[in-house]
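Questions regarding the structure given below will be posed in turn.
So that you can tell them apart, the chains are marked A, B, C and D in the order they are listed, and the count of residues begins at 1 in each.
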């Protein structure tokens, strides 16, 4: 009983972590599900989102121009909200630019898409180094979501509660979008099912660009949410893209709920192993992945995909 | 050909002869004229290789010490150089990666032909560099890596270690903490050489004082999310948490501890708090008790002047006062240049002999006690300060309150006897 | 003569001439012997890797792991068994082959992106194990003080302490690897694996055990990577975990592709040279050299995935066509 | 006894029954045909009996040996060879290399890393022979990707033939060919049928009726009619369907 009681906080921590992993993986899932492109630049775009939020929120981000003094003079809450809205747009534009480059690889081996986005990941990360330097930044956040509380053995940081709720909200919104809107129906059908898309009278290139932009905007949002937890560094992208891809492969390519469930599973496994073998905990997610994929090649809820060829 | 380097042949000769034998004697005429027969003019600049990190976990610290070493070089040049020769430097990023450190060292020595090398934050990198340096006999200053093994089992004849070691800091911090806070400790250890050895030193001292370690939690390098570790601490409720976590990892830890107000629930003892790791976080982040080798508000002559010179030389830097890392870089480089001048030559063995056992006056080093370079471990024995958070800051750069000043003898690390320097004969010699 | 050509080709002789004389000219072009050592070792690695990517069409994104394991195995053997160069290198090869063969059991049933994803997962697993298993690998600090063991032939023994001597040693290993891999890729085995890249299902319908071939080629590729890793540990006098990271595994993919590994045996070699030159030369002018390198890579993937070797082949083809046109005017009657 | 038999074969994909109670038998030295409208299950039937899919029920017998559910490579090694409806040649290889790969002797040397394939007289002669038979003489050194569509079709059949099969399955060999090329193909198959047992899937009735000794008609996953071309022309079901009009 004592054992379980001790375990409980780690379980809760794991679920919270899992929600964050799911949040990181959402944009990745959207792009891979619709376009069958593995966007290895997801992590770098995630990092870029955090840096752009930094620029919007604090003069330390590099935008310390005289005419912006008034902007940085106002309270932090509106600045933070503005960052949460504007940064994803900026990153979405970068993402759409990347999609433009990707067009040349459509119809070829999906490997080329993978390679191209790997190159893009490198370029974006290096560009971040050139612009913002190598050092680590701290993203200032409003007082309201700072601090923490301790209840019995459960310590809980306000920010993590906020981040978890935010993740649930994002997952819910995306689900509504996919299930309840006509765009969602198209996305669900998948742009690779081009016959159906054409039958619906949709401009396929435009759809692809939009989906890519949308997916990368989600990466940016995840980057902003994770920034206070992981810090802002150029190489933080690798920390994001690797779990994202584990979550997607585990959940099954093309499955929304697969990604959410896999995110939670990964979070719990990492959280629980952290209770006993803290320094090995990150390894646990790969072992989980291997165990699942060995028996279910397509992951938990995966559908058949052109990527298998 | 299997014999080890025989002493007293110059590095240049060494490269030449082996290249020749390997390429075959018939090729000898091709090898000669291009390069190796060139004679350096006496006023040829002395070239120093700087190996400060500019990326990776210790990018910030690397750049901080670079500011220090460059200041010392500039000041020497302004005073007419060394041996009448100008000092030049060439810098390479070691990326806080041992493999890169190794390659960069090979390159600086064999291609750029530097005479000396200076710079290190992370012990793994320092180690990799010093291995290469020892092979060529190149004198190397480890400026800021404080793993006890650097001046213990991984010491080298060509390497000099300028920062206090984790064992010194542990000695300084632990004794007071046991009586003040309690005997039940948990260690947080960054998972690499510096962390392991520092925690080991802490544990030894703690146990000799009758305390015990309840748990030693390893913190992977690059950890940003401490939630599960903090949960464990909250559940275990130790008297003291002794951390050996460095760089940006430590920054993140401190922030999260503070956010959850765990700093009020248990005593936090950190081995050493490097200035670049805290600068910008505000005085309130400097909770717990920690050690340092220098602080810009030390009440000593010369400190203010040094701060001013720093600000004039680096007006644009984010860190507008020098900290211990910059200080170490500065005094190390200054001492290297003085030693060359005193030796009257750039001959590496002569410079090494000048440095060994060298005593440096307290006033000159802006510390409270005289410092000296231990001739058996090549480790600088210096004053250690114990500090905590400043509750009445003089200005917004004033984070620390100095609690105690420790004499180098009080904190000396007996573990340095593990050091076994290579003999002079086994160290290739050169003159640039 | 025909028999000799089966083993040694003209391209090989050119490559051997260039790299075999490198210590004689490397200083005069502003480089240094040690960079030559690293380049040649990475060429061996890239050649082994290209068996998978270029020949079998299997994009492994976790190959740095095997390079790293080779280094640790080399170090472990000389510390704990005996300090003999040949046995230590052999041990590095055997260990990586065994581990590679086990991994291949999991991945050889997959292809394309799924193969890439699984190799990323395995690469990460080995990376983590290596960085955590401090008692064996030295963790973040690496395995230190690995010796450059002498090349002992019984009657005569060469010290490899010096960079130039070590260079000649790794060059000879490189030459042997080139000859063996060239033969391998031009044998029936090589035919089959290239066919698997083009159309895996059809190869199965021709009666070949596709999984076995993929398993085999993965294992061989790991063995070559392990050899390169062992040499690298010797060159660096230490084995470090960073080469096992996702980034380094990706960089070998980059190198091989830029060079033209998809279309040429020599692509991997060319790509490695380009990478190291870019790092050393561009790197002295700009800290952001990897940015330019990455951009170059993106442009290549978009417009010329066949890489530098592909461009070369196109140029040769165009030249030949022009020669044919020029030498046979009758084919194009005047006045038309 | 027939050389190749499929007995009570069933195949479902999810809820969708594709093949139901299929019984087929192909006699040695005969050319058999399988015909039916698009989506009737012809290709699935081929895929099941050549090992690409496992049947849910039923048996596939080759030369008295049960080969049900065996992997394609095992089936191929027994001497069962097939071509594909979608072009499946090796584009990066020359015509000769495409065929060499299929030669059983080369397969047996597959793990040999010293053998010099380019200068192996015996294997190269075999490849040239097959090229002659499928009408690609002189194209030995042309890359498969540089061949014309019709030539690639011929190469596709050549690969299947080079495997020295005891029974050769051809999946819609006329797909995408014009009238002239179809006639050439017809002549070629006519020559081949002297040496090899052949099974062809086709929806081009006139093509099949001109060649086959025995034809099975598949519709809605079932065999609806069987017999020689003449018998089928008289069959009521065939007459009442579209197929009859074509014939």
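Throughout what follows, a contact is a pair of C-beta atoms (placed from the backbone, for glycine too) under 8 Å apart; a residue touches a chain by one contact, two chains touch by 3 or more.
This is a predicted model, so every value here is computed, not measured.
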Query raised in the report: Where are there more C-beta contacts: A-C or C-D?
Result: A-C
Query - Geometric centre: closest chain by C-alpha means - result: C
Report summary line: Looking at Cα centroids only, farthest away from chain D lies chain B
Report summary line: Between chain A and chain D, the Cα-mean centres are separated in Å by 49
Query - Mean-CA-position distance for chain C and chain A (Å) - result: 34
**Report entry** Distance between chain centroids, defined by C-alpha means - chain B, chain D (Å)
**Finding:** 74
Query - Centre-to-centre distance between chain D and chain C (centres being mean Cα positions), rounded to whole Å - result: 41
Report task. Provide the list of chain B residues touching at least two other chains, using ranges where the numbers run on. Result -> 54, 191, 220
Report summary line: Note: chain C residues in touch with at least two other chains are 132, 287
Query raised in the report: Chain pairs in touch?
Result: A-B, A-C, B-C, C-D
Query - chain A residues within the chain C interface of the complex - result: 38, 101, 104-105, 109-112, 114-116, 118-120, 122-123, 126-127, 129-130, 238, 242, 245-246, 249, 279-280, 282-283, 286-287, 289-290, 293-294, 297, 307-309
Report summary line: In the complex, chain C touches chain B at residues 23-24, 27-28, 30-35, 38, 131-132, 134, 138-142, 144-145, 150, 152, 157-159, 161-165, 168, 236-238, 240, 242-243, 280, 287
Report task. Report the residues of chain B in contact with chain C in the complex, numbered from low to high. Result -> 1-5, 14-15, 18-19, 22-23, 27, 30-31, 34-35, 54, 93, 97-100, 102-103, 106-107, 110-111, 123-124, 127-128, 131-132, 135, 154, 191-193, 196, 220-221
Query raised in the report: What does chain C use to touch chain D in their complex?
Result: 2, 6, 183-184, 186-192, 194-195, 198-199, 201-210, 213, 216
Query raised in the report: For chain A, which residues count as touching chain B in their complex?
Result: 6, 9-10, 13, 16-17, 129, 133-136, 138, 146-148, 150, 153, 155, 157, 159-160, 229-231, 233-234, 239, 271, 274-275, 278-279, 281-282
